[in-house]
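The next part holds the structures, each set out as structure tokens.
Each of the next two complexes has chain A plus one other chain: chain B in the first, chain C in the second.
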Partner chain A sequence: MIKKFDKKDEESGSGSNPFQHLEKSAVLQEARIFNETPINPRRCLHILTKIIYLLNQGEHFGTTEATEAFFAMTRLFQSNDQTLRRMCYLTIKEMANISEDVIIVTSSLTKDMTGKEDVYRGPAIRALCRITDTTMLQAIERYMKQAIVDKVPSVSSSALVSSLHMVKMSYDVVKRWVNEAQEAASSDNIMVQYHALGLLYHLRKNDRLAVSKMLNKFTKSGLKSPFAYCMLIRIASRLLEETEGGHDSPLFDFIESCLRNKHEMVVYEAASAIVHMPNCTARELAPAVSVLQLFCSSPKAALRYAAVRTLNKVAMKHPSAVTACNLDLENLITDSNRSIATLAITTLLKTGSESSVDRLMKQISSFVSEISDEFKVVVVQAISALCQKYPRKHSVMMNFLSNMLRDDGGFEYKRAIVDCIISIIEENPDSKETGLAHLCEFIEDCEHTVLATKILHLLGKEGPRTPCPSKYIRFIFNRVVLESEAVRAAAVSALAKFGAQNDDLLPSVLVLMQRCMMDSDDEVRDRATFYMNVLQQKQKALNAAYIFNGLTVSVPGLEKSLHQYTLEPSEKPFDMKTVPLATTPITEQKTEIAPVATSKLPEKLTPSRQDIYQEQLAAIPEFQGLGPLFKSSEPVQLTEAETEYVVRCIKHTFAGHMVFQFDCTNTLNDQLLQKVLVQMEPSEAYEVVQYIPAANLPYSQPGSCYSLVRLPEDDPTAVSCTFSCTMKYLVRDCDPNTGEPDDDGYDDEYVLEDLEVTVADHIQKVLKPNFGAAWDEVGDDFEKEETFALSSVRTLDEAVGNIISFLGMQPCERSDKVPENKNSHVLFLAGVFRGGHDLLVRSRLALADGVTMQVTVRSQEETAVDVILASVG
Partner chain B sequence: MGLFDKLAGWLGLKKKEVNVLCLGLDNSGKTTIINQLKPSNAQTQDIVPTIGFSIEKFKTSSLSFTVFDMSGQGRYRNLWEHYYKEGQAIIFVIDSSDKLRMVVAKEELDTLLNHPDIKHRRMPILFFANKMDLREALSSVKVSQLLCLENIKDKPWHICASDAVKGEGLQEGVDWLQDQIRTMRT
Partner chain C sequence: MDSVALEPSLYTVKAVFILDNDGNRLVSKYYDTELYSSMKEQKNFEKKVFNKTYKADNEIAFLEGLTIVYKSSIDVFFYVVGSAQENELMLMAVLNCLFESLSQILRKNVEKRCLLDNMDGVFLVVDEIIDGGVILESDPQQVIQKVNYRNASEQAYGFVLFDYITGNMDEGPLSEQTVAQVLQSAKEQIKWSIMK
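Coming up: the complex of A and B.
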């Protein structure tokens, strides 16, 4: 009867929680009855429960009050009540870190762990290990060793698991218990064996040889415990991964043999291990997949879930391997467990053919509202991948996504959908209008600021170029009226872009801007005022520079320059050109087919690689007069990978100079190199000004030396040059063991590969979100045009790739993607030439026998234009 | 006596329970003494230094003792005071062969007697001048002089020489303690 009542309590939720309104001070007051004699176990038990409850609710206990309660609790060891004693163990474990002098109970616990009462022994061991530190561990070592080999399984398991926890704290002591653990590993009890194996592994995991020996031993002798088998499989697969062992390794054979184990748990673990192995081929996958296929029709829901979840993962990398299971997966679509059904459908979406998409989508939309957010995200990811595979299906997907967008859901889920829609819009111009319409509808009722601003930005970028831009204005202006500051500011920026691009909308936009200038928020007013003034000028160049394309400088760099400027008062206005440019983030060049990024949080603004170099170079006195760093190249290897000395070079470009940074590593342990420098012989009019050697280069510690080169001034178009490089240094032989060098050394040199400076080193990539506007802004003062025939190139894709990598410029407007089945294409490239002049390239490509290319270059300065045409030619 | 015990049992007057603190410097033999007093089937063979404290129980003819056997090591002595309130009597053990540390024992004893939880209570203190079997051991009279026991005026005390390993002299002390506790109650 009482039990029934309890159950009801649980169901009705926290409303009837007897501990709900506990006061810490009241409970501690009550704890005084611990001091009474004789002890009343029932009341004490109740108070201990309250204390543990409070601790677990995150209530903070001060050290003094905790210590007082703890010492009061120690008196309860007088009582022989079993429940009370075990509650004491729990309390000790909970309070081990907040009370002082917890070691007071050491002897009491030692007595319990060696006593006759088996119920006490296991928990006493666990409590004891919580309060023990490295110095005390020696005192109880003897008892721990005995407990590990105890014949009572619970005692042995407790001791093993506690040892495992203590490995982190005092590895050296626990290491001495290896023999006992070994004995426990041959126990008949499955849990003891599992725990013993775990301890053995953790004691040896840093020694690969010992681990493989252990694996060898256990795989031969066989184990009783399925848990231990699972553990072995995990250890084996990790070892395989670390040693990059092939599929002919005995470890792999072991894992494969586990597929025939009689325990389902072991079979699944083995299959999962095989599936997750990197570079697994279809042949090795086949047995694992067929095992998972069997599980798909298991009556146990957990097994079906595990199988379909694993198959889902396989389907990402090897869709063909899973096709064999399609029939079983079809059966799971109607599974009563929604999680299983979802995974089955998303797996099928990955493996299935285009024709089945409609049917599957219909099926999934019937129950999508019943599954949890986490699975909805899985569905969205599957759809996103599908859209890239079958672009023609976008209307079905778009419909489905917009329905999902209307449903309730958390931030992660909504973001996944929005990202998916955006990627469809970018991939597929046909879907742009529907996509934008869905997103507009979404922001009408969107509680997530991040998503709203993101969509507004997208609307500003894409909206003005649609056939009917005016319809978006309403949605955007609604934001100004209804939303929070951040969203209002984003909406103002979006509005400005409409006004700048569409002349007939301009008057209305100006009216709206006027309204925004009376906003209550500073940022919104500032933006509105700024855009208002720019728009009123009605100058294309201004619009392009300040509305469409914004600043391209690196933010930390700008901050530093401005700070510097305020420190040194001068008459001159601040020059934007001295600020280092932002290196285009890698994420912009999303060329490979990536499904919607799972859950990448907005990255923090970290200083880019170039900002770091800037800092490092500025610290070297010789380089101080060079001005801001313009560009740093990717490292170039000047040696083979496995040679005596490994050298790579990073090219730093400044306005009138280049600095070559040579990162050298000495791989000989019997040599110390000193005064290391790289001598450079230029092929053109470049002039080496100075070498800055690395003073010392000990074994395996990388060091850098630098060469400063002046660029030819009289012939600015000579941008490319080849340098032959020789590393020169003083060798001092040394003892490989001590590293002690001989007193005298000898000079030596080492020939490196040639280093090329190309046109790409003089151009920094800059993304112009609106290329057309930027094109007009630069104007045709220094425009030049020429036509070339690229005879060696066979496809447009290849030509585009070659041009981008040769010029080192940023493709704009996604023009780096050549639509299928077209024989002409226009590539837009943007960059900044050394010295800070914008440089734009429009290249029309036509595919005939080879590829014909018409290049039009615009810049604010003539040299840059000449350089490009000269280098292409 | 036997008849009285039975009678007490029938009337529901079980043996009275008493809490006793067992204090003293490290290696003086506290745990060994308590171990000897326990019934022979509950005794342990190996005695190791106590860390913190342990609770032991034994019975005499008329009382049931619960002993808080405290660790005597220097760094744990400040933890004794947590249990002073608990005790109705004190057993203080002295290593009578350790002349060097007799002053340390005296100091600990003085601190104990001056503690607010102890000072104004009339609780019996039993001293064991332990390890009397050793050749260099001092006599119980000498020990009581060195500890200035004659200065204890407000508490009943008693000192007896003992050899805890063989169990000699323990019974005499415990009998005294039992009598004291019974007279205090009546």
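Coming up: the complex of A and C.
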């Protein structure tokens, strides 16, 4: 075989890669021949290639050596060899950031870009713009404008694309070239059209009207370039989204018309745009779905992939719209591209019937090891959704998941599986034991601390209540022996729960605890010692309070209170009741739609909403004697959405008072409101103590005023009350443009909607993970029971929903979910009543011609019990 | 793959790279400065992509939240990378254009040795197809025309052969070109039959 360079380049003699053993220093040495006269184009070309190759391989060039080589290279502009010149442009671009004084070549490049040789002009423009800064750009502005409208397409394209790159740096200069770009947009060349459109949009994207006009023009005139069409579709769908335009808008018609374009690229872009539109109806989706269906049988893998991926997305929201494609999707199950097969199967899992589940699961398990983690997560998510839809299939799923758990995979993948198994366990009591067994097996060999602690926590919660709790002890204790500190600590906590709940296991657990007290880690030792002592007391109430149902206070609140306590030492012991309660995190069902980039930011501990309010209210001197904030309600709107003044109220409950925070916004730009307060007329024995007005309320800047109300002391059961509210203020008219107010103003008032205070405002939600233990802990000292008939309610679900929202308490033990086809149900609710007393409600419901409800309430204090029964009745 | 719609922009291509059959980089360009900014990350990514794709010629893959379209020929692999939301067919258009253009420049000998011998042409082709992530040209004929490389390449081969015979490394007479060309195509044919 002939080796092209082997005579002059000794280093390339061996191996098949002539560039394999390139030494940077040797190449730079060779670069000296750039200075020889006459120039030998071929050798110079080869050396330039080597330099670019080295840069491409990630070789680091020092500034001095790069500058030296760069300056030597500039001599090569004397040669007229085309390829050599082109390689010079490339070198300039590659070295623009490494070498110094690259602007030295400006004049040579300007000469080339305006010269006669068309081959040079485009590349010269692009190289020039790489080394140009804002000030120099103005010097070449004239040439750029000419180049944009040049009749040679490559010149025009190069100028347009370079301008686009320059926008980031010199927006103001490039903005002046809009007219030229406009002219270029009507060029016959498809790429010039595309680039011009891209630049025009980029310059105008903040001006919605201009974008709209531009769209109008291009959608009418019609473009030739499929790329430009794709761009137009994206602009149109963006504009539709921003203006919240209905689907009868001409923009939507345009996108739909693109479904009939002759280029597949455009058709796909249009279909994808329609699918991604929010609140699209099934009818509007239909044409998009049918073109995607056609693509499913395309010979091109990329097109099949694109189609099935988009259909998968449709299936999330509109499974019925995709059912028509089921047959085509079936054909893709055996596609040699596993990504396509996976997407097809997961789509089918969403749209297919229960009977096809087994078959599909079998299919997918045959190649699950071949697909990438991203797609494995998609599979797990599909399974998770399926379990909710067909609970009866859980044994198939569980089997499949446990196999997946055994395979290799990254953290995200494993976490998805574990989450899925946990949710199956919670949904289906039948699957609990198998699920726990799989998870136990998993933690035996699990490198992810987060997952191990999560599973241990679950084992502690669920394990003791299974028929055979002793079998989990071994798995848990193994962790204590083998794992890192965090896992050991979690294992100790889990063990304690077994000891507390199962008397026959207690002696063994105590022995194991003893062993844990010798641990090398502080946290593990502390926990073991603590649990050891609690367990030895053998008191149910202690177990319930310290082992099953942990702290209910907010951690930042506790930290602050303790800090405060250490600052002002007092005789009294620290009272936990003064610490604000944690607002129970709403367990949101995460439905991440598809694989996303796996890099996640570490989660930050943000203070809860209530902690923020606590802080804000504490800053107001009038509210200092009120004690800790007990509960803050969700905002209640007191005005219609589009009125002159927008007012919403947040109810803050304290031990003996309530503070109403009115967030007011003035939407009139010709008024300045002053001394704004909301006057309240209570219907019950509530007493308004003080108003704290907002001093100024300028246009569109929200401000808050407060009302302080004392709760009636003589009648503690009077918890609900209606306030009629009127906003009072001083109006000063002002100039809408300058905001300068007139000197005098006049008093005015504005009637707001009534504000209700309900029983829910006096109760804070608290989650008791083990309701039974908490129930026993509180005891029956103040237990009351009563039976009610809810005649207006027709189903158990509805009754449960009503009770929860009325009392504002936390449902425990997942009792807010009523199993299907049952005529009776027990709802467990937990909360803390104002003043810090635990409050538990057990409500038995029976369905027969309306719902009959037997409510049993327990608390440490009688008032709370009475309040509940009085308010329910 | 999340449902956030794509900001309308000309910046379509995030990266282009050509690897050999051991997954080593031959040419590679990253256009998005936020994506794998260090050389180590880039090579790591290339390795991952290679391991996932070299076994099966599947045309398209999804890795690390990026859509990757690819194609292989004998012992070289071509990759074009775009964001998860990107129109896959646009990326395919780029890949096809890259492949076709190189195929013409290398006169259908799309294999590592030949590619390396014409590295300058490869760099120029990539530069003509994508500029800073923007698709500059998608028609292989146009690319060939703009790069205007074929003549140079033919001459180079001719010269090399001639130089080989005469032992003279400087410019040779143009009349020898035709002879050289015949020899060259014969050589190619032999090579192909060995490869098969």
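One rule holds in what follows: the second predicted complex is superposed on the first by the 702 of 873 C-alpha atoms of A that agree within 3 Å, B and C clash if a C-alpha of one lies under 4 Å from a C-alpha of the other, contacts with A are read in each partner's own complex, and residues count from 1 in each chain.
Operating definition for what follows: a residue touches a chain if its C-beta (ideal position, glycine included) is under 8 Å from a C-beta of that chain, and two chains touch if they have at least 3 such contacts.
Just so we're clear, the structure is a prediction, and the values are computed from it rather than from any experiment.
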First (chain B), second (chain C), both or neither touched by A:M136: first
Touched chain A residues, chain B compared with chain C: C
Touched partner set for A:I255, first chain B, second chain C, both or neither: neither
First, second, both or neither for A:S108, with chain B first and chain C second: first
First, second, both or neither for A:L303, with chain B first and chain C second: second
Partner chain(s) touched by A:N35 [first = chain B, second = chain C, both, neither]: first
Common ground on chain A, meaning residues reached by chain C in one complex and by chain B in the other: none
Chain B partner contacts - residues on chain A that touch it in the complex: 35, 37-38, 71, 74-75, 77-78, 101, 103-108, 110-111, 136, 139
Contacting residues of chain B [partner chain A, same complex]: 17, 19, 48-55, 66, 69, 71, 76, 79, 82-83, 85-86
Residue ranges of chain C in contact with chain A within the complex: 1-3, 5-10, 20, 25, 27-29, 39, 42-43, 52, 56, 58-66, 69, 84, 87-93, 112-113, 116-117, 119-121, 123-124, 127-128, 131-132, 134-138, 142, 146-149, 152, 156-157, 159-161, 163-164, 169, 187, 191
Footprint of chain C on chain A - complex, ascending: 1-2, 4, 7-8, 16-19, 42, 45-46, 48-49, 52-53, 56-58, 81-83, 86-87, 90, 93, 119, 122-123, 126, 154, 157-158, 161-162, 164-165, 191, 194-195, 198-199, 201-202, 205, 227, 230-231, 234-235, 237-238, 241, 264-265, 268-269, 272-273, 276, 300-303, 305-306, 309, 313, 336-339, 372, 374-375, 592-598
